[in-house]
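Report on the structure given below.
Each chain gets a letter, A, B and C, in the order it is written, and its residues are counted from 1.
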Amino acid sequence: MADPAEDLPEAAVRRFSSGAFSSGLTVPDFAACLQLGLQPVGLVQGFCVMQWGWYGSGSSYMRGANPYSMGGQTAGAYSESYRCPHGYVSAEHRMWGQNLEQPWVEQAWSSGYHSAYARMLEEATALGAHGVIGVVDRVTQVSDSQTSEFHFLGTAVTVDDGPPPAGGTPWTTYLAGQRLTKSIEAGFMPIAVVASMASVRVWAYCITEYLMEGGRGWGNPNQVQEVEQVTKAHMAVRQLARKHVRQQLVGDALHGVEIDVVKRELAQGDEVIDCTIRGNRVRRFKDFDNVPAPRPTVRLS
Amino acid sequence: MSAENGTTPAATPAATPSELKAEMLRGAQSVATAPAPNKNRGITSDLSIDEALLLHAAGWEPVDLVCGVSIASVPYGVWTWGQGEISTASTAHNAAVQGASNRILEECRKVHGHGVVGVRIEVEVRNHHIDVELVGTAVRPVGDASPPALPFVSDLSARDFTLLKGAGWMPAGLAFGASFVYAPRRSAGAAMQQKTQNIELTNFTQAMYAARESAMERMQQSAINVGGHGVVGVKVTEGPMSFARHAVGFTAWGTTVKLVADVHKNITPQVILPLDDAVVTFAAQNLRGS
Amino acid sequence: MTQPADLPKDATHRLEELEHGLFTSDLSVNEFLLVKEAGFHPLGFVMGSSIYHIGLQTRKWGESQELTKLTEAMYTARELAMTRMEEEAEELGADGVVGVRLDVNYYEWGSDSAEFIAFGTAVKAEDGTSYKNALGKPFTSDLSGQDFWTLLQTGHVPQGLVMGTCVYHIAHRKLTQALGSVGQNVELPNFTQALYEARELAMTRMQDEASQLNASGIVGVRLEEKSHQWGSHTIEFLSLGTAVTKTTGEVTLPTPLTIISLDN
């Protein structure tokens, strides 16, 4: 594997060799950090721009086509088909629909995320850090060009008298300051920030299209009913995201989870649903000690 | 069950600085070597560390993140101006919330949770469909894997759950009610007559009042249906539909609670006087701009 | 008890359910626990509303004056909403209403009209003492649960939400006056006088209401200024507070603990 320092931008190398540290910690967080015996050694970041998608993936001409039907890769885990019950054949009437997981999108996201994360860890390792706290991560879509930027920022720290972490990879956490202190006191050691994403594409069939677009006739009952295809897709995307995250946990716990769902509605009832889950992977290092029962108070300010 | 009786596990006194450093060192040492293979399922929870600790202090633990989603279609022509209540819209809203609640309860049961706390509720009313999403963390008394017959769903934060539990109350479910109504019309003549007067518009008042009360009443009914004694944290929202401004929707949400102890236990708070001034704190997010 | 004549059918049905033992409240969990701590139990969420058409009032462009017709409208509309809310509370047998909020809503289809709504949680003392005010009605107050508890600890009880309103039109300046002061640091006497007078009117009216309740003081006074839909030279000044009286009880508020919080 290449010398980590070769991969970093030249500016980063200059910044690190200056000796003084910079940190993204607020004053109270800085105080709490020193209390824990953590010394900040520098502000570290990682960045990556990814593009994915393949030609024609949004077009209705290639409806139902995907890299699997065209290429010969292994199929995605989740898919569900729907057939029109009407028996009416026409170019306008969609006889067939499908909910389809899009593993190519998921892999591209994962690749971008982990590259940016790895670069942040490289910078931390170059500083000799044991861990990175107060991580802030951000994914931005760059307009409609199916390009995303992944950016990580954190404060690298060393543990007073502490050993280097396993495999030379610093541990990371979103927490800093008092919240990190409480987590350690309660017996949870941060391992890494973990995130995963699932993407499901809804190709609507006739019933779904009518229900979502308010169309009449064609057996659309004039009564309230659940839109089964889209509902199932929403449930599936969230379950898949959790499943993917669990694979990365290897039995550890995930705390402070944030779940974000973004839905892009395309015409005629079709949608793409992306679900991202992130959190702190932690492991118990001692039996649970209860923190003292909190006292209820009323402020007079 | 000790947690149900209101007794909390024995608490240890707060750590001194040298103890904190020792803890951190122990933690760091524990990850210096590769861990033994772990067959646990691994819990996921969207509770913050403060909430997770409060929950533990009450003798409960998080089990898993759970969600429920439902999308109910609204038939064509429902929003066209008419008279009185738009009952189809109310039915659709109700159906969507019920559907989402059922699914989140199903997920809770699958992981043997006793209930779901901190549920985040997102409702979007669109022209042709109403979407409801619920996300929360399933919880249970520590180590108790036997599920109760009817787990609860509540939008109480873990903190509020712990406080209520300490006072002898338990959440029984999510209380909600909705009603949609058409704004009544005023004849041109009446409008002209009223131009210079200060006068109450009784038609309008009746219509809006009735719709608001109706939403509240349905909320109360949903509380009675689960055998609750009361509803706390009622939030009433109202407003015209963005796609049909003559249609106004009212919703009422709250948490249904039940007194499980014999009597309510008082909490006796301590009065404090903080000496901080409000300061603008610097945060790492600001370094990124945007 | 006779049905309050003013409330819609749906309200009475809902209130009946509350009388059968179910309680509802828009108190947060913190407030709920503190209200219980103070010796009160929530009975139900009560509300009153009124959609009021506010008549046109002509005003002189160059004169600062109170627009009495508009003042009356804003006052009456809020009173109607508050009275209906109090009726709901009385129906439940409440001693008072806490956490009262007054809102104004505008709808696009009702020009010159607005909806005035009053919300709150009706409460009743658990030991049976009556806390009704000098007029024999349940007290109303915009105090939160925390403030309610703290107030009771100081030996005072709320009597009612008191308000004073004044809709004032501020004279436009003549062109010569405006040109004369371009580029200078100068006090604008028109504005100063107008705003001063308007605020005083609002506060005096509020204090008059408090005297009617035989109150010894007003706490938590808020002065709000809104232009509603009238343009920037017409402002409503609304002064709100909770009138209180001292009870014979002693002050039981314990010495507070001073702290420096380390949490952000």
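The criterion applied here is as follows: contacts are C-beta pairs under 8 Å (C-beta built on N, C-alpha and C of every residue); 3 or more make two chains touch, one makes a residue touch a chain.
This structure is a prediction, so every number in the text was calculated from the model and none was measured.
Shared contact partners of subunit B and subunit C are A.
Distance between Cα centroids is largest for the pairing of subunit A with C. Relative to the whole-protein C-alpha centroid, the nearest chain centroid is that of B.
Subunit B and subunit C, compared by their mean Cα positions, are separated by 28 Å. Taking each chain's centre as the average of its CA atoms, subunit A and subunit B sit 24 Å apart.
Rounded to whole angstrom units, the spacing between the C-alpha centres of subunit A and subunit C is 47. Touching of two or more other chains is recorded for residues 26, 28, 296, 298-300 of subunit A. Along subunit B, residues 163, 267-274, 281 each make contact with two or more other chains.
For subunit C, residues that reach two or more other chains under the stated contact definition are 33-34, 150, 256, 264.
Across the complex, subunit B is touched by residues 24-28, 35-38, 43, 130-131, 134, 136, 138, 140, 151, 153-155, 159-167, 171, 175, 179, 181-186, 189, 191, 211-216, 220-227, 230-231, 234-235, 238, 242, 245-246, 249-259, 261, 277, 279, 283, 285-286, 288-301 of subunit A. Residue ranges on subunit B touching subunit C, taken from their complex, read 156, 160, 163-164, 167, 183, 194-201, 204-206, 208-210, 212-214, 216-217, 219-221, 223-224, 228-236, 238, 240, 245-246, 248, 254, 264, 266-276, 281. Here subunit B touches subunit A in the complex through residues 8-15, 17, 20-21, 23-35, 37-50, 52-54, 56-57, 65, 67-76, 88, 91-92, 95-96, 99, 103, 127-129, 133, 135, 163, 267-274, 281-285, 287-288, 290, going by the rule given at the top.
Interface residues of subunit A facing subunit C in the complex, by the touch rule stated above, are 26, 28-29, 31-32, 177-178, 296, 298-300.
The part of subunit C that touches subunit B in the complex is made up of residues 7-11, 13-14, 17-18, 21-30, 32-34, 36-37, 42, 45, 47, 49-56, 69, 72-73, 76-77, 80, 105, 107-110, 112-113, 115, 119, 150, 253-261, 264.
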